[in-house]
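In the two complexes that follow, subunit A is the common piece, with subunit B as its partner first and subunit C second.
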Partner chain A sequence: MLRFAPWLITTLLVGPILAGLAMAVLPAFGYLPALGGTDFSLSPWQALFAQPGLWRSVAISFASGLVTTAISLAVVLLFLAGAFGSRLDRWIRRLISPLLSLPHAAAAFGLAFLIAPSGLLARLVSPELTSWERPPDLLIVNDPWGLALMAGLVIKEIPFLLLMSLAALHQLDAERRVAMARSLGYRPAIAWLKVVAPSLYPLIRLPAFAVIAYASSVVDVAMILGPTLPPTLAVSVLTWFNDPDLSRRFMASAGALLQLGVTAAALASWWGLECLVRRLGRGWVTGGQRHAGERALRLAGKGLILLAAVTALVGIAGLAIHSLAGFWRFPDALPQAFTWQHWQRALPSLGGPVTATLTIATASTLLALGLALAALENEQRSGRHPAQGRLASALTLLYLPLIVPQIAFLFGLVVVEALGTRPTRWLVIFGHLLFVLPYVFLSLSEAYRRFDPRWMRVALTLGATPNGAFWHVRLPMLLAPLLTAMAVGLAVSIGQYLPTLLLGAGRVPTVTTEAVALAAGGNRRLIGVWALMQASLPLIGFVIAVGLPRLLWTHRRGMRGSP
Partner chain B sequence: MPIRPLALLPALALMLTGPLQAAPDPADWEAVLDEARGQTVYWNAWAGDDRTNRYLEWVAGRVADEHDLTLVHVKLDDTSAAVSRVLAERSAGNLDNGSIDLIWINGENFAAMKAADLLHGPFAERLPHFALTYPEHNPEVVTDFTLPTEGYESPWGKAQITFYYDGNEFSGDGTMAEEPPRSIAALLAWAEANPGQFTYPRIPDFTGSTFLKQALIALAEDTAPLYAPAEESDFAAVTAPLWDYLDALHPHLWRSGRQFPATGPELRRLMSDGELSLAFTFYPSEPAAAVADFELPDSVRSYVLDEGTLGNVHFVAIPFNSPHKAGAMVVANFLLSPEAQAHKQDLAVWGDRTVLDVARLPEADRTRFAIDEENPAMLPAGALEQTLPEPHPSWMTALQDAWRERYVGR
Partner chain C sequence: MTLSPPESGPMLDGSLIDDLVFDKVQIALQGRMLLALDTRIAPGEVLTVMGPSGSGKSTLLAFAAGFLTPAFTAGGRVCLAGREITALPAEQRGIGLLFQDPLLFPHLSVAGNLRFGLPRAVSDKAARVEAALAQIGLAGFGERDPATLSGGQQSRVALMRLLLSAPRAVLLDEPFSTLDTALRHEIRELVFGRLREAGLPSLLVTHDHADAEAAGGRIITLA
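On to the complex of A and B.
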């Protein structure tokens, strides 16, 4: 049975994506008999290229992919180089999980409320410092260059890249490398950048690719923070898909393929940048410089990540204040009164979406956990060693759903739905599984592979069957990482917007779809309620992941592990 | 001749689904009520305003109590998504098990669905409560953007463009004129004098598109072509004054016309944040309701333009492939009940005006609709008599496309 697990995972991940892409290719060239397209033609592409502002959309999607990733990666590397072992380091490490679990949409709302001309920041400094009696007429959120969009993405991608880096650092023995370099006279941050970073990057390359793909094709964050005239390419594709003029669906398919091309181009450019940095960096690494820039590096390393973390936290606090605000005119820093009214009004409508969110998240996470465990156990028993980090390894397949833009293949899957099956919760759960499985697997595999094989050998010599050893030795000892993987899975599922919207046909409302749907209305108080709800659900998972092992293993310190 | 079993399948399927297929007849209302019991009705409705959403929740609770059916509000950010879905379902051969039972609709979306035979009907005129609208005296409840509804949609509420402003800012202390602009022409002059204080929702939002039509009616040399399909006239020539006007207006709008708010409710939020001094809404009682909700200051005043403003009726319709037509009709009928209409008009709830002919209602029902005319944020009595009829629906889509062509990606 176990032998089939890797096959099952591969089929589950690759099958729908290939099918979805194929179903997007045909209509993009005019073929979709259900809508009367029986001849192949280039007219969808002609219609697409005639769209006003198309190239601007493309440029912003492309730039957003590269800029977001470059900034996030730089912040993470600088932090690791400059703050290693400091108090800030410990504080940030404790913050990673909550920040990672924060859904993108909630973080985007928090940022929007913070930096808008009538937002918290402007209110705090007005009118004393700015003499603004009314909000300044400045284009900050939804700016035409997508800067707000990139900022919102950076806040969320930093924790992701940081977590991936920390996991990879275990393999590198960074402390000894840095100690060696320091004995040669290198200052700590410079030493880290010169001897650890070059070995670390190949290990976090795939996560960086995933960030590029995500940032260039994201829909929900772009709807909240992104430009509007025109919006980013992915958002435009969604609008065309929903146009009552069904011929636009052909154009939407072409747009979805164009999105695939834009993401591919961003990945290729990144690869080019990698080569450039490698060439330019070699001279710097071997140049022998030991001191120059140390202070600036340390300052940037601490300052930038602090800025990102504090922005995210203040944004959430802003959501909380808005959800409780009574009458609140600009430039008052705080509302004149606080009220529970918004929560009371939202409460009746929260129940359904919260239940749906939790059901879908639990089901997809449990499925993913089962599959990941089966594959990992199979790997252990067959003694095969995973080739981590190399692009050609099977692990790359895990990243496929994260690297192929969601909008490109989900459209194809929606064709299945349009063919008559009514949208069901199961379809949504399956859609979520595509994205939950990779994260659960990545989160679990590290601990699973590092698990000391001698425990299992001892169990087997004492007469336990392989299955018995798995259930009675391995699982209990891996409880903490298992629960963490579950929490990650829940968080990923809760944050999904596009798969829920498209596969659920809007009839499977989750807190995420509801919160994003409210964005257009601009009622910040209500958005505050929903975004806060959306942000707090994943936290439950992490609280359980941290608390349960401590509760269960109260008297066995060694079993608690590090979550 | 051998019988091919596969060839019988469609016939078999028809036999199996046959009894379900018989569309419920509203003439036998008791039968409709019986059939509706226990059904789940999926109502796809624009959900951009939480006041509307809360009203829909109230309706869901009432029909559950009264008729034992479950009403689910499928939240849309644009009604066209629902049109697109029904069309896709029919194209894929899904003729009797669609995913939408009821749509909140009017204008170009209704025109598109009716033209493509995507609606169930006629049913509306046989709903028991429909008579209370007295269509013979109120032709607008059976006319949607110049098109006769022919019973394919049931009236639900009335909207009319209403402007509102903060009276304190127009107090004549020198910074701003005493009076807000009372015509489209005066609006341009006012915006030039007060840059950044006015805007309209981004096209294709329906409130924003309505502003375009309002401006076009005021600026066009001859409005007669607007009430016939757009293809029949020289679109460029008819709309040229509108584009000249918008080109002149945009630099003086909020964010210099480089960005527009997404929806009408967002205009209200911008007013509440003090970013705008003048705004408009489709729901005449919205400003007063927002004052009651502490969203707007109590110095807010409403008015309509001297040349009149666009008004229309919005409806609910049933897609042809809805599997729960009986339930959908029961909901449509409940929406027309004096209880539901009065609750909808209540300022504390939504403030959307009733489609019932209040003057002809029995005394007991009439009192439910009493409007608080003393409320300073409300329109003065009689202001809504100046209603401009909606142009032909084709103008809406044509204007939207032309607007995007002109202003997107500049």
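On to the complex of A and C.
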């Protein structure tokens, strides 16, 4: 049975994506009998290109993909170079998991409440510095350049790239490399950038690609922080798709394909930038320069990540304050009174979506965990180890759902729905599985592959069967990484907006879809309640992942600290 | 390189019924011959295989125990107690293994580790475990966390766990190399004494001459 696991995973990941893309291509060229399109034509494309502001949408989506990734990656690399081993380093490392588990939408709302003209920042400096007695008429959130959107994405992508980098650094023996370079007279941060960063980047290239793809096609964050007239391409496509005029679905399909092209173009441009940086960097690495810029590098490394982390945390605090705020005049930094009223009013409607969110998250995570365990156990038993780090390995397939824009292939799957399948909770669970599985697998695989093979050998030579050894030795010993992978899976599922919305046909409300739906309304108290709820659900998983092993292994010293 | 057998070639007749037999065993890595072994180990005998690192000592153990990775190719047969075990999965070979480290399962208690070794069919498990602990001077240690035991105590529990699993032969992979000198002597005596007492054919792999001498059996040196 185990032998089929890799095959099953590949089919599960690749099948729906190919099917979805195929089913987006047909209507994009006018063919969709269910909606009366029986002839191939270019009219959906003509309609698409006639949309006002289309190219601006395209440009912002493209730029958002590249700028977000470049800034996030730069912040992460500067931090690793400049703060290695410092107190800030330990503090940030402890913050990664909670920041990573924070859903994109909640982080976006937090940022919006912070930087809006009537937001916390403006209140803190008004009226003393600004002499604003009323919120200024500025378009900060939803700015036409998409800067707020990019900022919101950067806050969320930094922890992701940082976690991926820290995992990859295990393989690089970074400390000894830096020590060697320092003994040759290089200052620490420069040493790190010259001898570690060039080897690190190839190992985090796929995660960087995933960030580009995500940032260029994201929907929920763009609906909260992104420009509105016109919105980003992905948001436009979703609007056309939801148009009561069903014939607009042809144009929406063409738009989904255009999105695929925009993301592909962003990836290609990134690749070009990579080549450029590699060429320019080669001279710099061997140029012999040892000191210049060290202080600036260290300052930037610490300052930028601090700014991002504090922004995220203050944003969450802002959500909490808004959810409890009574009357709150503008330049006042804090509300005049606090009240539970918003929570009490929201409570009856919270129950259903919270239950749905947790059910879907638990089901998709358990499915993903089962599949990942089966594939990894098969890999161990067959003694075949996958080629890591190489682009053309099975790992690339894991990244496929993260690199193909959601909106491009989910549409195709929903077109299938229009042909007969009914939107059910199971369809949503399956849709989430596509995105949960890669993260669960990536999170679990490292611990699994590093697990000392002698443990299983001892168990087998003592007469345990392979399955017995799996259940009684490997699983208990890997409990901590297993629970972490589960927490990651839950967090990924809880944060999913587009798959829930599209595959559930809007009839499977979760905290995420409800919270994002409130964005247009602008009731900040209510948004505070829902976004805070959305932010706290994934924390449950991480609390369990940290607490349960401590509780279980109180009297097992050898199990403290990961195996 | 080839090792000539110290005695005439092994045969599977009645007199060898409990022997561990290596019948024209050859192991190669990517076409390059790594080692060859053709010998038999009698009950209670400890055969020592010596050689520098990279000479294939551990590969030989992996082959005998059933853990050879697919990168290696092996020829010949391994027979134990009159039946061929070359193709059997590790858990059905009846071969026990002592590693460099005690490798007590960190999530189980000391008693849990010993119970893990006992075959499922054994009925009075608690009594057997308690008796085993008493034999190695650790009576009453059953509920202890293995991580709280000293290195010597851990080694003794690991040996007992192995013996409780009732193997028909034992492989030892430099089992004393991580112990300090004083302890090494004590544990060596204990291990070889117990193995002889149990009448098990044993194969010791080491690069320490003192180990080989203490084992007191034939010595084969790999180059």
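Here is the rule we go by: the second predicted complex is superposed on the first by the 561 of 563 C-alpha atoms of A that agree within 3 Å, B and C clash if a C-alpha of one lies under 4 Å from a C-alpha of the other, contacts with A are read in each partner's own complex, and residues count from 1 in each chain.
Going forward, a contact is a pair of C-beta atoms (placed from the backbone, for glycine too) under 8 Å apart; a residue touches a chain by one contact, two chains touch by 3 or more.
If you're wondering where the values come from, they're calculated on a predicted model, not measured in any experiment.
Overlaying the two complexes via subunit A leaves subunit B and subunit C side by side, clear of any clash. Contacts of A:330 after superposition: subunit B is touched, whereas subunit C is not reached.
In the superposition on chain A, A:462 makes contact with subunit C only, while subunit B stays out of contact range.
Looking at the shared chain after the overlay, A:318 reaches neither subunit B nor subunit C.
In the superposition on chain A, A:520 makes contact with subunit B only, not with subunit C. Touch counts on subunit A: comparing subunit C and subunit B, the chain ahead is B.
Look at A:538: by the touch rule set out above, it reaches neither subunit B nor subunit C.
By the touch criterion defined above, A:226 reaches neither subunit B nor subunit C. In the superposition on chain A, A:557 contacts subunit C only, with no contact to subunit B. Of the two partner chains, subunit B is the only one touched by A:349; subunit C is not.
With the two structures brought together on chain A, the opening angle seen from the C-alpha centre of subunit A toward subunit B and subunit C is 140°, to the nearest 10. Contacts of A:65 after superposition: neither subunit B nor subunit C is touched. After superposing the two complexes on chain A, the closest approach between C-alpha atoms of subunit B and subunit C comes to 49 Å. Looking at the complex, you find that subunit A touches subunit C at residues 382-384, 453-455, 457-466, 469, 472-473, 476-477, 479, 553, 555-559, 563.
Put simply, subunit B touches subunit A in their complex at residues 42, 44, 47-50, 53-54, 57, 72, 74-78, 80-81, 83-85, 87-89, 91-94, 97, 99, 109, 112, 195-196, 202, 254-256, 258-263, 265-266, 268-270, 272-275, 294-295, 297, 404-410.
Every residue of subunit A that touches subunit B in the complex is listed here, in rising order: 34-36, 52-57, 117-118, 134-135, 137-139, 142-144, 228-230, 241-244, 246, 249, 326-327, 329-330, 345, 348-349, 418-420, 422-423, 505-507, 509, 513-514, 517-524, 526. Listed in rising order, the residues of subunit C touching subunit A in the complex are 65-67, 69-70, 89-91, 93, 95-97, 99, 101, 103-107, 116-117, 119, 145-148, 161-162, 165, 167.
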